[in-house]
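For reference, the structures are reproduced in the following blocks.
Next, two complexes with chain A in common: one pairs it with chain B, the other with chain C.
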Partner chain A sequence: MSVGNSVPSVDARVKTTGEARYALDAAVPGMLFADIVRSTRAHATILDIDPSEALTTPGVSAVITAADLDGLFPRFGHIIADHPILAIDRVRYYGEPVALVLADNRYAAADAADLVRVRYADLPVVIEPEEALAAEAPLLHDEDYSLGDRSFSEAQSARPATNVAHEAMLQWGDVESALEGAHVVVETTTRYPMLYAYAMEPYNAIASYDEGELDVISTAQHPFQVREDLARIFSLPLNGVRVRSPLLGGGYGSKSYTKVEPLAAVGAWISGRPVKVALDVEGAIHTTRADSALIWVRSGFDDKGTIVAREFDITLNTGAYADNGTLVLTKCVHRCFGPYNIPNLRASGRAVYTNTVPSSSYRGFGAPQGNLAGEVNMDQAAERLGIDAAELRRRNLVGPGERHIPGKRAMDADLRADLEMVVKGLGWGGRPTANHGIGFGCSASDAGAFPVSTAQVRLFADGSALVLTGSTEMGQGSRTVLGQIAATELGISVDRIRVKQSDTSLTPYERTTGASRTTTLTGLAVQRACRDALAKLVEMGAEVLDRDVEEVKTAEGDVVAGPDSRASYEEVVQAWFGGRQGEVTGVGIVRRAGELAELPPFWEIGMVGVDVEVDPQTGVVTVHHLVTVGDVGYAINPAMVEGQDLGAATQGLGAALSEELIYDGPQLVNPNMVEYRVPRMGDMPARIDTFIAERGDGVGPFGAKGGGEGSLNPVGGAVASAIARATGRWPTRLPLNSSAVWELLNPPDEA
Partner chain B sequence: MSVLPSFEHLRPADLHEALDAISFDDPVYAGGTELLLAMRSGLLRPSSLIDIKRIPELDRIGQEDDDVVIGGTVSHAAATADPVVLSAAPVLPKVLAHVGNPRVRAFGTLGGNLCFAEPKSDVATILISLSADVELASKNGRRRLPVEDFIIGPYTTARNEGEILVSILIPPTADPMVYEKFQTMERPTVGVAARLLEDGSLRVVVGAVGGAPEPFDFSSVHEVNSGHIADRVEVIPDLTGSERYKRHVTRVVLGRTLAQLEGLA
Partner chain C sequence: MNPVGVVTQVNGREIARSVPARMTLVEFLRDELGLTGTKVSCELQVCGVCTVLVDRKPVSSCAFLAVDIDGREVTTIEGVASDGKLHPIQQAFIDHFALQCGFCTPGFVMMAVALLEEVPQPTPEQVVSYLEGNICRCTGYRSILEAVLDAADRLERASP
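Our next item is the complex of A and B:
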């Protein structure tokens, strides 16, 4: 059986030798190169754009502004179409695209971009949500852009005449009375930093517009979602837009939904030639970032440590445009309070428009922000109650089969067992050492997104098979894992299978590659497609072997109708069609029905712990030990589960200890990889334990359920609590870099 | 700016040609690890770069009179591996082995580092503590001055237009020396060099934390007061911390440096 084994990544060889073809490697004969003129103001009216000097640069063929987009729908956005392709009359953040320069090569385009003269009239600027919510704050948006796709979000639309982009609320019971009767009430506030989801390949796209058809190759995680934005912009039918996503050099959610594709597409539409837009890291940071959050929490407990009520108030800085911020807010509201039995709850939040880079998805979708708030609050409660922090969680965690959110799927995991793996792994409860601290946290995310997924399997006349899916390979290993699922289902070896992905014209529909859904939902679609193909093969086999269909089954790559009646797949296909030809196509469909009628499709578990040491002299934090638990139901590829967990936890350590985008006035001061510090090899913990919990409790193939984000979500809180236990002081914000830790230990008023 | 702006690349065969070619708009290219970043970010737009890397006399390490001479285009990696440097100033290879990252050490040069005068640098600090000089050449001749006088402030040196740094001259020493730095980002937050001279006096140089390395001299080890230095040294707050924090870690690093020096003495 192929599943259950750590089959090496099918992309490993081409990636290590440099032969792998990424979107950035794509080239189309005759293409022009684009450069972007970006706003040098955070909020301003555009008075005038003068391209005349730029147009004199040798090799430059066009300078495109919003005024050139007549006849097109000039904005994009999958939930709220508020994002202009190029700024229309007004810029709302420093770095916003104002004009697109097209030239024969990227050097000429870059030189010319510097020569486009833009005159602005400044408007008042709001960078922090507090400023944007003030009574006299300038309004960033005064149009209603809503498109009405409610399947994305349970959030409410913008409140008119404010900078509140969206609000979300979840509540039950009577929080006030419960808190009045509580034995202990613990109130905390935490700030989660503004982040950039660093991927090695920055955003890029190449677009061609020929004979009424738009063809785009880009770094899109969700090519089908991008197709819809592009179809709306150009009033094209969905079959008139082709979006292809080759191997992506990392995604982490930052490449979900539309980014630079409309820029390349309007370039092609206007110039009549293929156009390539390729950003550097600084350009990518000025395209999308992740939400910073300010979250206030109040939790009440009885004298035994049982939660009686929790209340959350969330403010997200969503930036200048909505992008996926609506979903991030909704997810934050659903994920902040943790997988606990909470009899009375109110979680409310708002995403606030500000004059900053638009924020969007990043691994965890609102969970890391919310989890920091909720879990640090739990740890402080444990201290106040005099109850061990692990024991406090044991008393409150939701059990298998119990519901912690009314109307949602019952818990499909054994959280207490997962917690034991973490605390035992860390040696929690041992004698504390000076300057050392252990921290851990629990999370459960309503993952999987809305379950829509389709796949095809084509079984060829030589017995090899092709799996077709619209799910994107971005380094996470779906090409390998989906191949393993198909190999096992078809009963053939994995090297007889190839997986082809993410071409909206040739591969079947996939909603998204995100929310840790691929193995579970795309995997189910592939499994069903294989079974459909085999069912057809059985019918064909019955005809070929001259038996009743009921007598025929498949086994290990053969069609079998008894001890002396057997034919291989290729023999059946060849005999049925005649000659050495033909193929069998199986179709697999996943929708919100049956086992998947209840949302979420699965709970994605995060159980993580760290052992840290703080240097009290410098504030430097060293993470000595990291423990993750991949509660994935069934590990189709154990090595890849561990890789996902380690990657997720490492990104969590980045946010916890060093990563933060910093605004000083209207612009970012560190939009580069020198001053925005992601973890390096030297930062990795000396000891790493990536445990896997397999209890067959997932809705996916072979009892699997998703992983990949879970092990990021509790890291921030775990690190914060570990540092608190090492130092005796509770941090209220991340990242806890050396200066932040030292300032925590040496506040100015105590100097 | 994602790409380098266009410029001419000139490769003079000897120093004479190079001196003819350079000007304010046509700066020296000696490794590019700082210069190209500045150009890429749009801060500098030279019309040409005068590539001096193939001028043989600049790419050598040798001895002249009593001094070790490191040519203007010698890379950090080359100096780190050189036996002459090791025997004359054993502390220097240890410092250079941790400058930047492997790419910077392979391409970056000591001379370029000094001329760019990036404040967050290890090189100037350790060279000042070694009492090193630089030799500058121009069409009018040559002059020699201490590194301490050469570095004036952030991105500012005593180099005049038309001058090229041809060599760094280091008097050999067996004095106990220690360099200790504190670094959490790509560049050091603070670097401290301490040297116990033959006469028992002590020189401490504090770099990276302010605009330029600052030397502090003491008549003996007993005179040194880390707190006094940390309070007086120029500190520029930035992404690595507030002024208060940076003064504090300066004090901590001074303490660690002096403790190590005590161990050597």
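Our next item is the complex of A and C:
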């Protein structure tokens, strides 16, 4: 069996030799290089754009503005199409694309971009949601852009005449009465920082537009979603747009949905030549970031520590355009209160338009923001109640098969068992030493993996096979894992299988590559495609072996009809078609039906713990020990599960300890990788335990379910609580860098 | 923007080109020579993905001018394997799952080559200190550290 083994990544070799091809490495003969003129104002009316000087630069062929897009649908956005390809009459954030310069080479394009003169008339600027929600605040959007995607029906539409981009609410029971009768009520407010995912390959795309077909190679996680935006812009049928995603240099959600593809595409449409748009990191930071959050929570408990009610109020700074903010908010509302039995709940939130970089998906997707508030609140409650923090969780965690959100799938995990793995791993309950603290946290995310996946398996006349899927490889190992699933199903060795991905014209439809869906949903589609191919092979085998179909089965790469009647797959294909020809195609389809009718398809579990030390002189925090639990049902590739968990937790440590995009006035002060500090090798905890819990409780192939986000989600809260236990003071915001911790230890009012 | 002549050796091959004075080494490698194995990301010499060796010393090719390789020798990721056989560092990265998206991998491999040429048997602390300038956003680094230490052992066993 191929599944269950740590098969080395099938693309590891080319990634170590430099042969691996990313979108950034693609080139099309005759292509022009694009540079982007970005807004130098956070909110302004565009009075005039003068390209004349730029156009005199040798090698420059065009300067494109919104005025040149006549006849096109000039905006994009998969939920709310509010995002102009190029700013239309008005800019809404510093760094917004205003004009596109096309030239024969990158230098000419860059030089000319500096020479495009844009005159602005400033408008009032709102950076923080508090400002944007004030009565006198300027309105960022006064049009209704809504196009509607029915699968996003949970998302509520914007509130007209305000800067509220989306609202979401989840409630049951009677929160007020329950809190009145509570033994203890604990209130907590936390701020989660504005983040940049830093996929190391910045957004880029090459577009060419000929023979009525638009062809785009880009860094898109979800090429089929990008295809829909492009089809709408150019009024093309879906078969007239081809979007291809080669290997991605990181994604983590930040390459979800449309980013720079429309810029490249309008460049190609206007110039008649292929156009490459490749952002630098500063440009990428000015394209998409993750939501910062201000979250207030109060929870009531009875004297045994049982939760009687929880109430959350969430405000997300969603930036200038909607992108995927709707869903981030909805998920935050569903994830903030944790996997606990809560008899009375109200969680309400709003995503607020501000004059900042648009925010969108990033690993965890609302969960890390909400979890910080919810889990710190649980730890503070444990302290107030005088109950051990782990014991407080045990008393409230939802059990296997129990339903903690009405209408959602019952819990498909044993959370108490997962929690024991974390607290035992950490040595929780031991005697604390000075300046040391242990923290841990629990989360369960309703995976936003809407079940629409299709796959094809093509078995060739030499016995090798291709798996075709629209799921994108961005480092998570899907080529390997889907290959392992196919190898096991087909009964052939994994090295006879290649997985081809993410070409909207040639690979079958996949809704997205996100929300940890691939192993579970794409995996099921691949599994079904293999079974379909084998069923056809059995029919062909019956004909070839001259037996009834009922007598024929497949086993270990052969079609078998008894001890003396056997033929290999390739023999069957060759004999059936005649000569060394032909192939068998199997199709696998996954939709919201049967076992997948209930959403989410799985709960993505996060259980982590940390042991930290705080230097009281400097505020520097050292993480000595990190524990993660990958509750994945069944680990098809255990080494890859551990890799996902450690990678996710490390990104969580970045947000907890050092990462934050900072606005000082209308612009970001640190849109670069010098001043935005992500974890480095020296930040690695001295001891790391990445445990895997396999209980076969997922709906995916072989009992698998999704992983890869979960181990990020509770890290912020775990670190905050560990620092609280080390210092005796509860932090209220991340990141807890040395100056934040020093201020925690030395509050200004005590100076 | 007058072009400047450059004569250099890249992966053992003699190269003579005329390049714009402003062209960076990574642009020269990727755009002029089609050696796209070297990646570019931060463009501020802090992420390490563009690391190549110039006269066997690691440099960030995003912050190194192409004209400055005149008369010098450049080794890129494409020049690490020989005769189709992977370098032990490359094999160790595969065996230890020391990569996910792989975008940072060429830079890490080049830096590890430089490290093990300088310090054949490094301690874990030396590896961390040497690779502190390379960012990996996927793995959390543990597997990379293990791969480099294992590669050092493999190289020692292989040497006579």
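We adopt the following convention: the second predicted complex is superposed on the first by the 749 of 751 C-alpha atoms of A that agree within 3 Å, B and C clash if a C-alpha of one lies under 4 Å from a C-alpha of the other, contacts with A are read in each partner's own complex, and residues count from 1 in each chain.
Here is the rule we go by: a residue touches a chain if its C-beta (ideal position, glycine included) is under 8 Å from a C-beta of that chain, and two chains touch if they have at least 3 such contacts.
Every value quoted in this text rests on a predicted model; they were computed, and no experiment measured them.
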- request: Pick one for A:301: touches chain B only (first), chain C only (second), both, or neither.
  value: neither
Message: For A:269 in the superposed arrangement: first (chain B), second (chain C), both or neither?
response: neither
Task: Could you look at A:93 and tell me whether it touches chain B, chain C, both or neither (first, second, both, neither)?
output: neither
Message: Under the stated touch criterion, which partner chain does A:738 make contact with: chain B (first), chain C (second), both, or neither?
response: first
Message: Can you tell me whether chain B or chain C touches more residues on chain A?
response: C
- request: Would you sort A:681 into first (chain B), second (chain C), both or neither based on which partner it touches?
  value: second
Query: Now for A:35: first (chain B), second (chain C), both, or neither, which partner does it touch?
result: first
Query: A:340 contacts which: chain B (first), chain C (second), both, neither?
result: neither
- prompt: Looking at the overlay, what does A:18 touch: chain B (first), chain C (second), both, or neither?
  reply: second
Touching partner for A:107 - first (chain B), second (chain C), both, neither: both
- line: Residues on chain A touched by both chain B and chain C 106-107, 280, 674
Task: Write out the stretch or stretches of chain A touching chain C in their complex.
output: 6, 8-9, 11-13, 15-22, 24-25, 106-107, 197-202, 247-252, 280-281, 474-477, 639-640, 643, 646-647, 649-651, 672-674, 678-682, 684, 688
- line: Touching chain A in the complex, chain B uses residues 1-6, 42, 182, 184-187, 239-242, 244-245, 248-249, 252
Query: Any idea which chain A residues touch chain B in the complex?
result: 35, 106-107, 110-111, 114, 278-280, 282-283, 617-620, 658, 662, 669-670, 674-675, 677, 737-739, 742-743, 746, 748, 751
Message: So in the complex, the part of chain C that touches chain A is made up of which residues?
response: 1, 20, 22, 27, 30-31, 35-44, 46-47, 49, 76-78, 80-81, 86, 90-91, 93-95, 97, 99-106, 109, 127-129, 131-145
